[in-house]
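In structure tokens below, several structures.
You will see subunit A twice below: alongside subunit B first, and alongside subunit C after that.
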Partner chain A sequence: MTWLKLVEGYMPMQMISELVICILVFSIINYSLKRAGMGLPKFWAGIFVWAFVNVFYLKYRIYPPIPFSVRAIYGTVSACGIFMWVSGSQQEWEEFKRPIINVLDAKTGMTKFIRTALLILLPIGLWGFAYNSFLPNFDEPIELRTVHPAPPATTKVHGKTYVLQTASNPYRINPEGKYDQAYSNAHIVDQSMGRLMKDVNSAEENPWDPNAKGYIKHVREGGEIFFQNCHFCHGDNLNGRGLWAFAFNPIPANFTDAGTIAQLQETFVFWRVSKGGIGLPGEAFPWASVMPPWEQHLTVDEIWKVVMFEYWHTGYYPRTWE
Partner chain B sequence: MHEIHSEIGHIEKRMVMNEKTPAEYGGRGLSAWLLSCSLLMGGLGIATTSYAEMAEGFAEGSRPAPPSAEKVEAGKRVYFTKCVWCHGVGGAGDGPGADRLWPRPRNFNSGTFKIRHTASGELPLIDVDLFQTVTHGLPGSAMPSWEGILSEDQRRDVLAFVSTELVKDRSWQDTEFEEFHVLQLDTIQPVPPTVESVKRGSELVKELKCIECHGLEGRGDGNAFNLKDDWGFSIQPADWHKCWNFRGSRQDAYNVKNIFRTFSTGVSGTPMPSFADNTTVENRWHIANYVASLCERDMDVDIAGGNVTDEIAAALVAAQPRGIDPLSDKPKVNFVVPSKFVEGELPADEHDERWKLIERRIVAMGGQITHKPRNFVNRIDDVWVQSLYNETDITFMFRWDDRTKSVQKDSVDWEPYEVNLGDYGIEEQAPGGSKFADDPEHPESIAAKQTAYQVFNDGIAFQFPIKWQELPAPRKPRYFWGDEGFPVDITKWTADGELKAYQGTGWDVDFDDRDDFTEQMKLVKAEWKNGRWTVIVTRPLKGDYEEDTYIELGKYIPINFFVWDGHNGDVGRKMAVSAFYYLVLEPPIEKETYIYPTVAAIGLVLVEGWILTRRANRRKGKA
Partner chain C sequence: MGRLFNQMTRGKKKLLAVSALMVMGGLLLLPIFLSVTAVASGGGAPAGGPPADVVAAQKAGEEGEAEKVEMGRDIYYKTEGPAIGDGAPVTADNETFYPRYNFESRVLLWVANQQHLYYGSFVLAVPIFCMCIEFAGMVSKDKAMAKKYDQLAYDFIKISLTAYSLTAILGGILIFTFLTLYPAFFGYLSSIFRPVMHIYALTFVAESGVLYIYYYGWDKMREGVLKWVHLSMSVILNVIGTVLMFLANSWIAFMMSPAGVDEQGRYLGNIWHVIHTALWNPLNVHRILGNMAFGGGVVAAYAAYRFLSSKTDEERAHYDWMGYIAMSLGVAFLIPLPFAGYWLMREVYAYRQQMGITLMGGLLAWLFIIQATMIGILFLTTNYYLWQALGRMTGGERFQKYIKYLVFILVCGLLVFITPHTIVMTPAELKAMGGQQHPVLGNYGVMSAKNGGINAIIMTTIISFIWYQRGNRVPTVSWAKFGNIFMGCFFVIAQLNNIWLACYGYFIPANVRIGLSVPQVAGTLSCLFLMTPLNLAMLKNGRQLGPIRWGQIPPRSQYAIIMLATAFTWMMGLMGYIRSSVRLFWHVNEVMRDNSPWAYTHTIGFAANVISFNVLFFWISIMFVFWLGTLGAKKIPVPAQAGQPVPSPQPATGH
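Entry: the complex of A and B
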């Protein structure tokens, strides 16, 4: 399926629309065959739909792969759905179970052969399946980790204590030099495809404009910090796909995902950046994260600027306490 | 005579465009100027003698139409949002991120691009070569794939901007001097990768002296440590065993066509030439097939220093590609390192047949960037691990590609157990940025300093939690040499031949010696050969419970790895690290594994009998 790529951020939409299209196509074919008097046997149609959804689509199409236990749930649910479909009326149900009865009765040579084969193969298959499940299994263990742990009330960075509820980013300012989130929200990148700056020729929108000052100039300074320190893991597009992203576990946060910085207060991000992986509470696996405690590498000003850059570049704004 | 005049005229034109004279370039810059002149002569050579037209497999290409002003303007918006951070305001590859990157971001100004379908010295095809580079990224460098992030139009827009505004010394529209001879990759019939083809390729890489840079076994370990690119930055030959790191692999690592293309057109700006004019298309396929066959696959085939026999070629051809993870475009990682039981003595070297009993696992390595001194360039990006055990001991075989064998020559002031080496002058790379922007060679950048580090020992280490049995799940010691509450058992080998057991209690705490355990461990083998280290270490399964990790059967025991490349200046905390993996000693299969399935199968036979009887009775009743 390399010819049809799942696009990041659009994956759920893509999958739903693909499945809907498949169901539509199947229904149309089924209907027109029926009209032509060559309707598919219910039995085989049921098996085909089930196999298509569970074996083909969920197993081979979706990436990253879904664990077997989850697919088993989908398999059961879809089997129930298919049973409801084939047993809609007494006649349909009879039609569905006819092939099964035929094999059980074994009146023709063909059904006799199938019955004998099934009688032998089923126990052998069950033995193999049971043997496999009894073999010691050394798959990668699944460890559930809290991604956004509860923040502390205060954090002490470079000797100064910051109250997370009241601290604010000193660089998020309007042209008058006052803290102004409404102003900065108006100058983040555009949320459409590409997430590009709004106007490359405006000193208010382009951090690289020679006349940029105030908020947008600090965005550039934050970006410089980011591309000297953070992109190795969080990636050139802040999507958590840096050079070493997949050498580490947990993998780096994807800031372009609506579930990370877009869900958080700016002070939370300030705390996370300052204290890094080692500063996480236990439920977030501080021992495994390679996220540096950035207070060892950056000044407080640099941390505020890089946090602001992350919001600017992803086109998100921090949540406020209200 | 006319041609010579036009050459000079062109150089003059170029100088005007640059608004710089050799004098202005300064002493160091003069060589760069001469180089660009010679490059230009080379380019002219193509234009006047058209040798590329005659090179097999090429055809005359068409000149791209100039992009519209709207596209250039739209591309500028993309460039200043996404690209400027590394490639810089003027496109000279000197953005804020550049000084900590190796390979260094491309300097667009001279129009020199590595991956092309066009003949050596020519500008690339914008719609094909540059578009594919932006779409698929350049693996092994920091350039990511922009597919799915930028729309196709946006990717084409940014190329319109780069090709017209940032490529300053040449122009696609220069009808006088720019010609396009394009490798016909889509229509050339490939030679299938047969045993004969691979074997012939292995002979050709010797005849054509590829191995002088790429090494006898193609691990990029030839006599090439001091190679430089056109800008004077350090550069290294490709490691043929890691095709997923080939810049031109286009997210299709095992595709031999990419190798054929690079070999045919060369890598502009680097010492890698085009072989189009002295190698037939058929021979180029043989070489590409051989190079592709070396890329790591399911089997580790020993290619005997490049002396490929029929048997070796057959093994290379038979081996299957590894699964590539589409998220990382590198081989899929499994975080479980299995170990299998073997009878008797553990293997004495890497040739023991029993290594084939157990799968080798790839351990992905990243630079240590948590604490100072951070390592922004990890020249070792993966390690292959295998493990076997017997009643008393466990053995690990580590194999990793390292272009240089590094053994510390000068004595150092610190002891092997010390970890805080900042006091001894071991520092991380400065961010640079605008600080050196005026010097075109950026002497303080990481790319310029690659060959200038003091050489320390290569090394590898791995750690387990001590008393992991008592860890409240999922708690582990910190990945970085443990912590106070949860100390770790560290085994460290260095290229000076030392194998030592330490206890770690934190990233900034000197190691404690575990001398008793050190005496019980055994360095079975440590050899650097043809660009690859093979290190085999054996240690007892059990030691002193309070100090040494008890390795038990069938349990997931956390383990992680650390690697040092001495020529990268790696020492102390400057190293490559891995995430936590799990070591699992696979226990022998128990009796229950056979009994329960048999019971279940017999049960099913009974059920079948019951159903059939019931059906038969029902039919009788009906009848």
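Entry: the complex of A and C
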């Protein structure tokens, strides 16, 4: 159902809002039908809601496709929710159970037929399920990838040891030349689409201003390094969709996603960039990264600058603890 | 005259009994005081002086003997101190350091430890409940209710007593497991904690003594001043229990975030530094709350088991009520538990970033998703129980039609709360998704959304509880309408504030985002601590729509309680495993390396199987304890007459 767009930046809330609207519409319809004496039996209402959310909405409405493991979690939780709803009171529970009991009792021709059909179909279904599970499967196995492994306490780059817990970006400085996270936070671009179109006039805000100096000048220098080295994979918009990105699986990290650099300390990113995929620690199974160890191509200063550019461009702030 | 004489004799007897009790309590506590003094002096020297080792070292220095005192630097406090002993042993994979059976030693230790912890938590939590319930009974003006509470507290402690001996047995098994399988590590730990090891043992003696007096003296001390003395004993009992737990916590805290030793693991003479490590206090708070929630859950499961096996309506009524009280107590401590957990994790991150990332973003992150699922189950079952309980009240049905809306909020909150950041998927799914993070669901995988999710769930639980309070009552105060509107608005604003902050968290720096949890939590706690009393104030002298029909609750509710207790047990096992395995290949983090063949992190499946085994073992053994409890129980003899309303549960007299 891709004709109804999920709006970038609002997708999570859009999803919840859509579900709320769907459930409200369903409640109103059901209420109206009840008033007219044609209310949907609780049993079918429960099945309908579950099927709508899991079979229709999560599978066909949300794109890109949600992996099965997540849909299985959602399916189980929503089934629990529906059980809680239909058995919330004794009266509702009796109402929900009635069609099941009727079929089991089989007092009418129709229920007899359904019971007989179920007796035949259920074993066949189970047999089919078992048969299917025994078929040889040539899919690649599931990988429980550790995307953000714990960093080491220290890392050595170009002969100098950095303590990741306490090190800081030497270029994240205020006009006085002192490390100042708040200053740089105040000078990142706004988080929105078309962020680079923002009208920035002053040399303090605009990295392309010839008079830019200090922090913002270093951002530009980081940008130059990024576009000379990184954008081929990480993309012009830093969203992991560069020219070469789709040659890899997984594609390179999407820095605009709230779950990547926004969750990390700047020193973590510094360590990852310096050491690349080959420097991933043991716990980073299955070490699915082809990023080169950039310490072999860039100086320490260049790495710090490019890291700073990534934060500036995406509008995210590096994680700090204080 | 004779009457007066009798009164005087009775008074004297009471005085004698109180004095005897105080002497007994004093004697029990004496060894602890003596050993505390010894600790303060470093193990035998007069109080107030430096530890004996330090004195010896100083003396050696003063006398100018050949051996010079080597100073060490505390790895956490950064203070200097005389290095004592050889430090942490450097072990190797051989029989000397790691004697073994033909089985994985770590799993044996894991099971022994977990079982001891389950029982330890239970017997530490139950006396706290007893204290609260006994106190409630004593201050209750309603004599019948007072007796009911007293009986309930007695029932609780009776279960705890059998469990207490099992705790001691399991503690012994644990020690032997340590000594036989990890002698080098245990030797090191004992050498560091030597000054407090005996305090721990002596505190156990005191705990046992006070517990036995408390239990066996129940009938003798049932009235007047003696009852207050009895209650005071429960206070002493709980203080001792808490000290015990704090001491045990200091060992695990030391293993995670060592302090008071130098880089080689040599003790620097300050036992307080060794105990008071970076994670000790967060662990203490988290464990107290966790134990209480767990204890409540287990007692509630006992009541549910008795309810389901009851033969008469009276029995059902009694155990329905008991289950309700136990569950309420458990849930009361469950609500602040996520916040305590949040504080603990914050401190873990502050202590070592790597440790925090391994836990919540790296190797063990998936276990946290399982934990989130467990937390969700706890809250969902709590709500479900309360909704079922509405059915035993006349008037409760007026709330039941709105349950579906609460279900929707709960399910949405839970779905957000348990959405994994690192998704399990096949490479084909990964490719189809176009990257590691899903553009829609990926946003639910981070902390900002999860805080919103769990707070929404807790707020909904508070609404369910308020509905339950109102089940068979209607407020009649003149300001009832205003009160209702105010409460409604308060909840709506709190929920909007929660959602807004969850969204806003994506647009601000991480340190500010972490701080946002404070107003979110404040909103939730305000709902709890302002709206619940407000509701009670509104219901004061309210119109009763009918009695609570204790015992007339669907069996589903009791299965919900059993599920709640099982989820508690499973989650406790899981979190214990996570907390322990975050040290990775260290016995004592960054001080003593684990060089055994089992110094690797288990697969999630294997860990889940061992946790499940532990849970199963615990429940089988606790069923035995429950069964023992029924052996000594008096039957409630009055059979119910068919067609007659079931009265409120009445306590059995005497024990």
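Note that the second predicted complex is superposed on the first by the 225 of 322 C-alpha atoms of A that agree within 3 Å, B and C clash if a C-alpha of one lies under 4 Å from a C-alpha of the other, contacts with A are read in each partner's own complex, and residues count from 1 in each chain.
FYI, a residue touches a chain if its C-beta (ideal position, glycine included) is under 8 Å from a C-beta of that chain, and two chains touch if they have at least 3 such contacts.
This structure is a prediction, so every number in the text was calculated from the model and none was measured.
Contacts of A:A247 after superposition: subunit B is touched, whereas subunit C is not reached. Touch criterion not met for A:S184: it reaches neither subunit B nor subunit C. Touch criterion not met for A:S274: it reaches neither subunit B nor subunit C.
Judged by the touch definition given at the top, the superposed model places A:T314 against neither subunit B nor subunit C.
In the superposition on chain A, A:W93 contacts subunit C only, with no contact to subunit B.
Of the two partner chains, subunit B is the only one that A:G235 touches; subunit C does not reach it. In the overlay built on the shared chain, the residue A:Q296 is in contact with subunit B alone; subunit C does not reach it.
Contacts of A:P151 after superposition: subunit C is touched, whereas subunit B is not reached. Once the two complexes are overlaid on the shared chain, A:N169 sits clear of subunit B and of subunit C alike. 8, 64, 139-141, 143, 241, 249 are the residues of subunit A that lie in the contact sets of both subunit B and subunit C, per the superposition on chain A. Listed in rising order, the residues of subunit A touching subunit C in the complex are 6, 8, 11-13, 15-16, 19-20, 23, 27, 62, 64-70, 73-74, 77-78, 80-82, 84-85, 87-93, 139-153, 164-165, 181, 185, 191, 240-241, 249-251, 253-254, 257-260, 262-263, 265, 268, 283-284, 317-322. Within the complex, the subunit A residues that touch subunit B are 5, 7-9, 63-64, 104-105, 119, 122-124, 126-131, 134-136, 138-141, 143, 189, 193-197, 199-200, 206-208, 223-224, 226-229, 231-233, 235-237, 239, 241-249, 276-278, 282, 285-288, 290-293, 296-297, 313. The touching residues of subunit B, counted against subunit A in their complex, run 73, 76-78, 80-82, 84-86, 89, 95-97, 99-100, 142-144, 146-151, 154, 325-328, 330, 333-336, 338, 364-367, 369-372, 374, 376, 378, 381, 431-433, 474-480, 483, 486, 554, 556, 577-580, 582, 584, 586-587, 589, 592-594, 596-598, 600-602, 604-605, 608, 611-612, 615, 619.
Interface residues of subunit C, counted against subunit A in their complex, comprise 349-350, 352-355, 357-358, 361-363, 365-366, 373, 376, 380, 383-384, 387-388, 390-391, 397, 400-401, 403-404, 407-408, 410-412, 414-416, 418-446, 448-449, 503, 506-511, 554, 556, 601, 604.
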